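Report on the following structure.
For clarity, chains are labelled A, B, C and D in written order, and residue numbers in each chain start from 1.
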Amino acid sequence: MAQVTLFGSYQDLAGWRTRAVPGGSLGAIRQAVAAENAALGEQLGHPCTLVIVNERLVGRGDGADAHPLAENDDVAFGPPVSGG
Amino acid sequence: MIRLADAAIDPGALLAEFCAGRTDAGAVVSFTGLTRGRTDGAAVTRLTLDAYPGFTEAVMAEIEAEARARFAVEDVLAVHRWGSLDIGEPIIFVAAAAEHRRAAFEAVDYLMDQFKTRAPFWKREDGPDGARWIEARPDDHQAIERWATAQ
Amino acid sequence: MIRLADAAIDPGALLAEFCAGRTDAGAVVSFTGLTRGRTDGAAVTRLTLDAYPGFTEAVMAEIEAEARARFAVEDVLAVHRWGSLDIGEPIIFVAAAAEHRRAAFEAVDYLMDQFKTRAPFWKREDGPDGARWIEARPDDHQAIERWATAQ
Amino acid sequence: MAQVTLFGSYQDLAGWRTRAVPGGSLGAIRQAVAAENAALGEQLGHPCTLVIVNERLVGRGDGADAHPLAENDDVAFGPPVSGG
């Protein structure tokens, strides 16, 4: 199972920061999250959402759904950023 | 050089360190971002920055490399704070050293525009009216467009 | 605030002092000018700046007032060294604080362009090939023209 | 007599920094200096030369010649400047 971490407002929406979620692709992970929390599931699919696997950006929102996941991959979802 | 700091950063000490021993660079420009007690009219009592250590530095290092390639700078430093900040505390310190001042100004300006819209930090402001998550402002998105056409 | 300094200036301490206690300004931009060991290919071993105390501050204060009127800044500081300087020593420290970064960048940029061409300092570089007096560079005179039309 | 001070390269050209020079106007001062050092006199008349009386800029080069001087006025001549 992938370890999934949420950043920023997604954490508040979910009520958790990190948990193990089953799924062999990013799309499967998104669907598992959406089944439990539709609002969060929709946010994770938004074209502005950063999708990060093992500390590398792999795409945005549901555009990254096809990305396959290995056992123990670190997956992170982040809303639009604001540094500085 | 990029650093992510989980404790208070000291802009004075960073500038002193960055200037020390330079005999070829005539110009050092710095930017310091401070936590404001008010944004868009709403009082703020605390700022919390979330980051993703590893990923966050990697994106910042990419932006640093762009700036070094684009401007005639000798050196660049960016230190970004994360965690829980009091009002008035520094959030970011960016500096560039160059032979002539134009390149140093432009490099720091570029770095700040890019960090504001691309550096992976998530900011929450707490105030008497509750908490709110902050995204890059519309003028930050406009600012970044300047670099698409310039030089 | 304008200061003329006849002994070493410390950019780190000046930036720390300038940032301290600010809760309304989100942005502090600084410029530090350092004595270079080489200009236009010629080695320099020492820089001497002459000034006319009284007159020099008055002209700098005029330029400061222009910057305050022109940009949305909360505060401005300019400290200019004169006397005999080693290579690597700071010549000038300029800082501006503003609510948003654009005004702070532009104010410091403006101040430096004006000081380079208008502030009454006379600079002599000493090197192995003798001494030479330095005037504002052609690109300094070009730089100042930017402000005639801009905003 | 006015106290005349020279700045920057004018000092090197003159071999002095400050001296008393007789003359009731800036033009008279310039002529007194030129009589002794033609090269310096020419520089002081150059349109880029700052002419400062009692710490106030009163004009540039020979354009300030008509400016009257009182006993003990402080007069200064400076070549083009370069701050920062």
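Remarks
The rule we apply is simple: a contact is a pair of C-beta atoms (placed from the backbone, for glycine too) under 8 Å apart; a residue touches a chain by one contact, two chains touch by 3 or more.
Computed from a predicted model, the values in this text were never measured in an experiment.
In summary, no chain was found to touch both chain A and chain D. Taking the mean of the C-alpha atoms as each chain's centre, chain A and chain C sit 49 Å apart.
The distance from the centre of chain C to the centre of chain D, each centre being the mean of the chain's C-alpha atoms, comes to 26 Å.
In terms of their C-alpha centroids, the spacing between chain B and chain C amounts to 23 Å. Of all residues in chain C, those touching 2 or more other chains are 33, 112, listed in ascending order.
Of all residues in chain D, none touches 2 or more other chains. Touching chain pairs in this entry, ordered by label, are A-B, B-C, C-D. Chain B makes touch with chain A in their complex at residues 33, 50, 52, 54-55, 58-60, 80, 91-92, 94, 112, 115-124, 133-136, 140.
Note for the complex: chain D touches chain C at residues 5, 7-9, 11-12, 50, 52, 55-57, 76, 78-84.
Across the complex, chain B is touched by residues 10-17, 19, 21-38, 87-88, 90, 99-102, 104-105, 108-109, 112, 139, 143 of chain C.
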